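Single-structure report; data block below.
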Amino acid sequence: MSTVPGGPVDRDTPAGAIHLARQRRAKPNGWWGMVLFLCSEVTIFGTMIATYFYLQFGVHHWPPRGISPEKVAYPSIATGVLLLTTFTMWLAARAAGAGARRTVLLMISLSLLIQGAFFGVQVALMSSDLSRFSPRSTAYGSIYYTLTGTHDAHVLVGCLLGLAVLWFVARRGLTDYWSTATRALALYWYVVNTMAVFVLLTTLSPSL
Amino acid sequence: MSSDPADSQPSQEGIPTLPGTGQPGTLQPSSIDAIAPGPRVEAGFDPPTAVVWFGVIGGGIAWALAFVAGYGFGLAHCFPTGTSLALPLSAWQIAAAAAALVVALASIATSVWIFLRTFRIGDVAGMERRGDGAPPPAGRLQFLAMVGLTVNLLAIAIIVMIGVGAPILHVCQQS
Amino acid sequence: MVKPDPHRPRRAATRYAAAVVVVGGAVVVSGCGRQSIISNKSPQAHGITVLWWWMLGVAAIVFAGAVTFMVIGFVKRRTPGMPIFGRHELAAQMLVLVFGIGIPLAVLIPLFGVSDVYLVQQTSAPLPGTTKLTINVIGHQWWWEARYENGRAVTANEIHIPARTRVNVVATTADVIHSFWVPQLNRKIDMIPGQRNRVLLYADHPGKYRGQCSQYCGLQHANMAMYVIAQPPAAFRAWLKHMATRAATPRTAQARAGERLFMNSQCASCHFIGGTPAQGTVGPNLTHLESRSTLAAGTIPNTRRWLADWIHNPQNIKPGVRMPDLGLSWAEVHTIAAYLEELK
Amino acid sequence: MATVIRPRGQQYVDLLDRVWGERKGLVGWLTTTDHKRIGIMYFFTALAFFGAGGVEALLIRTQLFGPNGHVLSPAAYDQIFTMHGVTMIFLFVIPMTTGAFGNYLLPLMIGARDMAFPRMNAVSYWIYLASGIFMYIALAQGHAPNAGWFDYVPLASKTYSPSINIDYYGWGLIFNGIASTATSINFIVTIFKLRAPGMSLNRMPLFCYAFLAVSFALLFALPSLSVAALFLELDRQLGFQFYTASHGGNPLLWQNLFWIFGHPEVYIIILPAFGIATAIIPTFTKRKMIFFPLVALSEILVAFLGFGVWVHHMFTVGYPTATTVYFAAASLIITIPSAIQLFAWIATIMSGTPEFKTPLLFIVGFILFFIIGGLSGVMLAAIPFDQQVHDSYFVIAHFHFVIFGAAVFPILGGMYFWFPKVTGRMYHEGWGQFSFWCTFVGTLVTFFPMHIVGLMGMVRRNYTYPAGLGFSTLNALETVGAFVLAAGLVSIVANLLISYHKGAPAGNDPWEGDTLEWSTTSPPPPYNYPVIPTVTSPYAMWDTADRELDNKRLERGEGVFALGHRTPGSTVQDAEVDELLEMPPHSIWPPVTALALAGVFVMLLLQHYFIALGFAAVIALTLIGWHRHGAQP
């Protein structure tokens, strides 16, 4: 007859959270929930990327006549910078497990800066694209803007999630719930960053 | 809640203080949170989880990839615009199926290995007990191995069917 | 609680056996239908029918076997006690392996070879150079347009082909997705925007074979039928030659009045009549209207009375049809009908 | 309070009652996070939609009673048959199986006290309810979707369907999909993490395997539908060109995306039925399932292979044979897992001591219908035959035998089977068996002749058919059968409603069932089990020693976790206790969130994109409020 860790331990205190994180053998529910949610998101991106190529197979000119292929430089640099947040979020997740509140706050805010900047750049790039070709003229435009737009939307949502976690961790401290939330947020960004690469390669494929 | 004289068993305790409600209580949280952990037979044989699961789903995943590749090649090549693939379509299709077949064979070998390590010849009832409900990890391993055997068998069948069937047909003959 | 009547499941079994027999018989009966896949009239349709009978036979055996097992279970249900561990565990497991994996694999792989690798090549699009004639069939909401190779012969809803000749049908659409299906002659083929699908038409004997649009295409999907009319080659060549000619000039006064009325009303803006100002392409080509036996894609017979009703109020006969209600008086309607009847 | 002599351990039960007690009345139902109450709400909502879909079916059959019927106008018919499909699939079967049966039974079967994310569970229900109302508003307005549940473009494009009907379909399905995705995530985590101590993967009830498979299938299938619907709405509302062939789009893109979802969907519909069958058969044959591992495997494998067969819905679109053959192969092989299960069930019945009570009768009916539907399914995997009968009534017969005969019959059997557990009362056996025979004969008479009219060349989705092609007699017969079937279904509902008031008390375990839910009281208390049970086989209730042990532990107060909404979390593979989870209390935020989401979709439908954005902001605020207590999501 052994005592279950986490019972007497108060999971709403940082101490309890650290204890839990140490003795857990399975991943917490929140982590699993995020993983499965991300499965669904990855499927969405997969479907859209498949759509891109399916449409490409069907036409002779891709991109259609009159639309110059995408410029490689700016989007690639932007994505490269975004990938840095993979590392900062990893640090945040690790700090969350160890209960290092300051590090978590620092790393999340750092990531938020980069991600916000990336989002801004993306918006700028998209508006410049819109001056070149419209999503209404051809299917190429439709899938191009839908694909990039979907990814930008994920970045935006990620930033909002980051702000929320930042706020709650600042106010509540690293309870078990919010340290799990930090790890889940990190997972989210790993996937969004990976998708950034795939989206980039897809949209640049005509230029490569 | 009134404490009545009828309850005089030794294990009888009052109601503990609940968070929020200010009721008297003496029950010890530690005792109320105590539980016997799930029964577990110590593992003589416990291969890495990744290996076990490769034995379960390896063939299935291999088929899925070969299948997506074959369909993709077919569409890309046979669409009106006819993307050229450098090699003939059937070559790609055979290659994909062959690669998948290798993986599936490796996977079924894994599950056979695990199955034999965890399977003991016994009386019928004994097999039944092993088959479902034997204590983990042995019971779970044998269960997964049995699953893997069947999955891979079917995966191999289907890989062979597409690997042979697709190249026989006229390239890009519209169905 | 009511005790289960011991005879019920056996009744179920017999009822099922009966049902299987019934479907067999009924399918044979259905052979006489003009649109039935069973009364096939071409090698392709025949191959499919043979495949069907074989599959039905095997299916019947499987079904009977399964029912038998359950009846056995029912008969033996009185065995006392609560055998949490079955007494015939191994036997039962073997049964599952044999009937669940062994036999299915043994049946399905041959089926795959026969149907999906061999027979499919008979029924899929004819290989280049294996056909004598090409017909472009264009699906419209809700009628069929047929344009023959030389381009001059155009007709609607009644496609003539030479018997015992491999005909290459190119199936395209002018609007939404339709599906070209003449069950007695061959499988169906969808008409997809931006795609040129092909299907082989071949008829063993001269005859009139009914077909129908089999992909849901909107309000009047139900009234989008067509006939394929297989003729002896000579007769077909004559028909094709006649189709390529310009429309006959009306002889009676009423018909000439009808022609004027037709050309000055909205009719001419949608319909085409060879050698006249009527050059519309929205509706069916009327150059040789009287050579057809039905109107509105097989909705009504092509008689004077029906023709007049149709011109007077098509929306009443085929709600939603693209042809508007022109609000013509009965007098005008009959004048126009008189003209159209001359278009032999 | 009167002084009573309480059994030893009773004080823990009292404590649990106090801790887990929920609010009474309407507020209680609105704010509940109890999986059982949510399951019941799912049940009645789905039942209501089943009624609606059934009425639509009867209208269709009445219209087709004879040639050239005039019951419905062509326009009305198109809306009715579309709504029949959408309702039965999205608003009845999935919510009834995953929503009602899954929600109510899964935590009970794995010995947990709630779902992993109780509030997300609640929000899924409210979203589902809202999406259902959303679609039926369309029908009430006479603007219901009218391009079929498959909604092929370009017929569904702005050009050929300019009115709002199709927009209800597009947004409605995305809306509904959110609920299903949340539910499936919830199920998977629940099954992975909340299993009772000792319930390792090889001891998990087969019912749970079925629902695990369904959840994964939903998780990976729904995105494809949502993306397809998103493209459709972008095309329709913003003039994008995804599906317009003349602008580089491709109508077949829709068909691919739709059926990548649409075929797994078929297995999503049938798999819970398998699960229910595997729960009922051992109980009434007093015998363990033959070949437990293979049955579990089949349930997962069907869901997996289901993703590789979608083009068999598109064998007539003119794809190269060298690509269609891939799908034909998968479509043939996928029958093998089904065959394994089929013969496992049959062998279990054959070698057991079957007691043909109503639930088992429904399962027998299910098996027979599933064989018929399965065999015709194999035929349709033969490409040339499929190209011949595709979109004919043969296909309708096939999938109604599978979806009605094989998916709904176990649902009906399950309704009888778990009725005593949910209500604490017995249903009336005599009426039960009558209702079975009525439904059985009705189904047979309705759907079997459709095979024949299909072979005679009768085409689907026609609002009428001409006389003289030999369709008339059989169609009349089908219509008669449909009404017999309806009578059977009504008699089931009547039986259960009356039994709910007059039925004899059932006790905990009227059937000597094999799974854990029979060990607790009927109906179960809010916390399901006073003591978290420990498990040593997949047939926990038949291991009487374990259950004795549970009672002893209750007396000692072991594993009652009564100091809050607590339930143990365990490891994924072997279910060893890992931590003690704190479950959230009841909350008002789920319905509020769902309401805000409904606002978003109504505004998208009406093309007020900025107001929609405003509602999205409201959702964000509700989520903040949601976390004010900072418990589990």
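Every chain is named by a letter (A, B, C and D) in the order it is written, and numbering of its residues begins at 1.
One rule holds for everything that comes next: a residue touches a chain if its C-beta (ideal position, glycine included) is under 8 Å from a C-beta of that chain, and two chains touch if they have at least 3 such contacts.
The structure displayed is predicted, hence computed values, not measured ones.
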A-B versus C-D: which has more C-beta pairs touching? C-D
At the largest C-alpha centroid distance from chain B we find chain C
Which chain would you call central, comparing Cα centres to the global Cα centre? D
Just how far, in Å, is the C-alpha centre of chain D from the one of chain C? 35
Give, as an integer number of Å, the spacing between the C-alpha centres of chain B and chain A. 28
Averaged-CA centre spacing for the pair chain C and chain A, given as whole angstrom: 51
Per the C-alpha means, the centres of chain A and chain D lie apart by a whole-Å value of 32
Listing for chain C: what residues touch at least two other chains? 85-86, 89, 101, 105, 112, 116-117, 120-121, 124-125, 194-195, 197-198
What are the residues of chain A that contact at least two other chains? 1, 4, 7, 54, 58-59
Two-or-more-chain contact residues of chain B, please, as numbers and ranges. 29, 33-37, 75, 80, 128, 150, 157, 161, 165, 169-170, 173-175
Any two chains that touch count here, so list every such pair. A-B, A-D, B-C, B-D, C-D
Chain A partner, complex, touching residues on chain B are 29-30, 33-37, 72, 75-76, 79-81, 83
In the complex, go through chain D and note every residue touching chain C. 73-75, 78, 147-148, 152, 154-155, 160, 245-246, 250-252, 286-288, 290-291, 294, 316-318, 321, 324-325, 328-329, 332-333, 335-336, 339-344, 346-357, 361, 364-365, 367-368, 371-372, 375-376, 378-379, 381-385, 387-392, 426, 429-430, 433, 437, 440, 444, 448-449, 451-452, 455-466, 469-470, 474, 512, 539, 542
Interface residues, chain D side, partner chain B - complex: 1, 3-6, 8-9, 11-12, 14-15, 18-19, 196-203, 288-289, 291-294, 296-297, 300-301, 304-305, 307-308, 311, 315, 318-330, 332-333, 336-337, 340, 383, 387, 532, 534-539, 553, 555-564, 566, 568, 570, 573-577, 580
List of chain D residues in touch with chain A within their complex: 116-117, 120, 181, 184-186, 188-189, 192-193, 219-220, 222-224, 226-227, 230-231, 234-235, 238-242, 244, 247-250, 253, 256-257, 260, 558, 561, 566, 568-572, 576-582, 620, 623-624, 627, 630-633
What residues on chain A touch chain B, complex-wise? 1-4, 7-8, 53-54, 57-60
